[in-house]
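Below is the structure I would like to discuss, written out as structure tokens.
For clarity, chains are labelled A, B and C in written order, and residue numbers in each chain start from 1.
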Amino acid sequence: MAVTHPHARTAIVRTEAPLKRWFLRHPGAMRGLVIALLLLIWEFAARFLLDSDFISPPSVVLMSLGTLFATPGVPKALGLALYEIAIGFALAAVIGAGIGLAVGLSRFAHRSFMPIILLLYGLPQVTILPIFVLLFGIGAASKIAFGVSHGMFPIMISVAAGVQKINPVLRTSARSMGASRAQILYHVIFPHAVPSFFTGLRLGMTGVLLGVLLAELYVSTAGIGFFTSLFTQNLEPTRLIGLVAMLAVIAVVLNEIVRRAELHYGRWRA
Amino acid sequence: MNSREPLAIRIASRGVQAFFLLGLLLVWFVATNVWHISTILLPNPLNVWQQLIDVVRSGEFVGDLRITLTEFASAFTIAVALGVTVGYSISRSRYLIKVFEPLFSAIYAIPIILFLPLYVMIWGLGPPSKIALGATIGFFPIVLNTISGFGSVDRTLTSAARSMGASDMQMFWHVLLPAALPIVLAGLRMGFTVALLSVIGSETIAALAGLGHRIVNLAENMEMARMFAYIVFVVAIVAVLNVALTMIEAYARWQ
Amino acid sequence: MTAAEAAIRICDVSHQFGEIGQARHVQALKDTSLDIARGELHCLIGPSGCGKSTLLSVIGGLTKPTTGSVTVSGKPVRGPMPHDIAYVFQESALFPWNTVLENIVLGMKFQGVPKAKRRDRARRALEAVGLEAFAQHFPGQLSGGMRQRAALARALSLETDILLMDEPFGALDEQTRMVLGEDLSVLLSRSHKTIVFVTHSLGEAVFLADRVAVFSARPGTIKQIIAVDEPHPRKPSFMTALKFHALRDQLYGLLHDEIRKSIAETAPLRRRYDDTAEKNEGVA
């Protein structure tokens, strides 16, 4: 076997080895390549294989982002969704941290109310989406409320766990050095709960995004939901994909911000 | 101190829970019967109960339930088949894990419900778009947990098995699978939940039939009591499915 | 020993966890009395669960004994006494979200040291344990040995007469704990603190202690007290001295039966595994 084509083999090895080794050392670059390849397949399929009434190639979507933003009402709808996410996130953080602390600080409260919180968190909230809209109307209020109801539970649960799961030796040692109750709360319990709070914020952000966007899509007479229904009915895949992509980008950016914050404030845990 | 948990405290915390839930029911009852809050906002609990009995007795729910469950079963099956095979294949190489794991977790963090309008455009308002969405959303937790389950098997275990002469098949059945199973099962459970919720959710947003769609219809017709009855019904169905899953899981572990 | 000489007097201390009759009931300590002299390093050694750590936390006022009493410098112990007693715990009790320096400063804040004095005292404590260069590090960035040095610095900065150390080097490897033991001996010879030191290690007890209290198995009580007559600071060469080995053997003799008693649940490995059995069967 070694005799057959020794030259051909070494030639291939010589040209391919450095590139292959470079990719082996940079998995991120390979990931980029995979994404590019998927986009290319999408581009090819959309141009030559699939019905252009239902799907557009990514290049066309990208080039037509301008016309998407020129569509009257779209920038406003996107801005409103962003506003709802921001307000919903802030409310979920405040309510979640408040209740989480209250439940976490007392063993009895934790025992009593944690099962109820977990029960409520486990309920399929999508089923009550229509109630939110009936109660709060089709405007921003119902979307914010639905976002808060999705986002506050993970924050609550994380904060309560962060307060509860503190290593007892840290409390004991603070006590041995003469720390008062307030000092233990401020210097031991709060800082210990900070990383859990940020973990909760990350999960909460996912929840708020889900809640707000679910409600936005559900209400088809205003906001994002109006445009997704409009583009779907008019068979405008280009603008629909563009709008969805914009929202996905917003979601990715917001997720990334809270993830960075979590890494930053959780450094000491490593 | 901490290790001592007197019985009294345990009973007291149960009492608080019961009190809280009963209190909630009581407030609901008082609000509708004494304060006379508009039934458009909040229906009478007794009325809801009658409607629920009617929904169950009349068998009206059967068609919607069948559609929702079929959609969910198809979606979950696709998600499991794809998630487990893709996840296992990737987990066999540290390099592939590094390439694909961050990609999957990044996509998983996006609210995939956003794809629903696209899916509706491609597959229409019927079940296929719900199945596609449920499968997409269910795929990610399953694939991620399969990767982490099979990818993080303790090297000491695999080395020990190799040193005792285990074949590849034996390695899979006696070392990799038992070590990875708890994490993979946790992924399946998560996939189960999110696929079910996204099927119901997408029925709520855009559909022709199904339990989610039924709830929306009743809301639009302002039949609040019946809508509440259906919500209770769906919550019960989800709970039953979860209990069934827990039993299957326990059985699988025991096996 | 008269009351004036004793830094710590322990009188008939008993402690039990849980109520009698409960499944979790454990009699940890039984009728223990002990006087610890000023400036001595007193080791408590015994099998696992004999209550030596419980006794330490009773002295520190962190655990209220079921019966009996402890007086420290003539004052009865009723709770933590941060001005008299500093504590070093087995695992790192440094606050992981604070740097080493912040940890030390925070300890003094808890104790009530005026703000102006804290930084300076923290610096001196860090110098004493050789960690000046690591003041700005987080505990997570330090090795186990360095973390315990930092914990010791925090305890030293409180400038108490008494230092309680609960297996402070227990989680460290043999070499690290030997070096830390030597350093502690040097530090002790300079500071004249009273130290109560709980340990599992026979060698550590002999190397560090002026006296060693040997505990019986649960319910723990003091079986015997052994004096180690060797001035501080102790040199590494002490570890190879005949006296060291004689004392170590004496301790082991005292502890051996107690350790067997405390692990009685585990069956002894008496029968050797016989890999000739199969062949013999074939013959029969």
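Note that in this section a contact is a pair of C-beta atoms (placed from the backbone, for glycine too) under 8 Å apart; a residue touches a chain by one contact, two chains touch by 3 or more.
The structure presented is a predicted model; accordingly, all values stated were derived computationally and were not measured.
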Selected pair, greater C-beta contact count between A-B and A-C: A-B
Most distant chain from chain B, judged by the mean position of its C-alpha atoms: C
Centre distance in Å when chain B and chain C are each reduced to the mean of their C-alpha atoms: 51
Length of the line joining the C-alpha centres of chain A and chain C, rounded to whole Å: 48
Averaged-CA centre spacing for the pair chain B and chain A, given as whole angstrom: 18
Chain A contact footprint on chain B (complex, rising order): 2, 9-10, 12-13, 16-17, 20-21, 40-41, 95, 98-100, 102-103, 106, 109-111, 113-118, 120-122, 196-197, 200-201, 204-206, 212, 215-216, 218-220, 227, 230-231, 234-235, 238
Chain C - residues contacting chain A, complex: 57, 60-62, 80, 82-83, 85-87, 89-91, 93, 95-98, 106-107, 109-112, 138-140, 158
Touch list for chain A against partner chain C, complex: 167, 169-170, 172-180, 183, 187-188, 191-192, 194, 267-270
Interface residues, chain A side, partner chain B - complex: 24, 27-28, 30-31, 34-35, 54-55, 107-108, 111-113, 115-116, 123-124, 126-131, 133-135, 168, 206, 209-210, 213-214, 217-218, 225, 228-229, 231-232, 235, 237, 240-241, 244, 247-248, 251-252, 255, 259
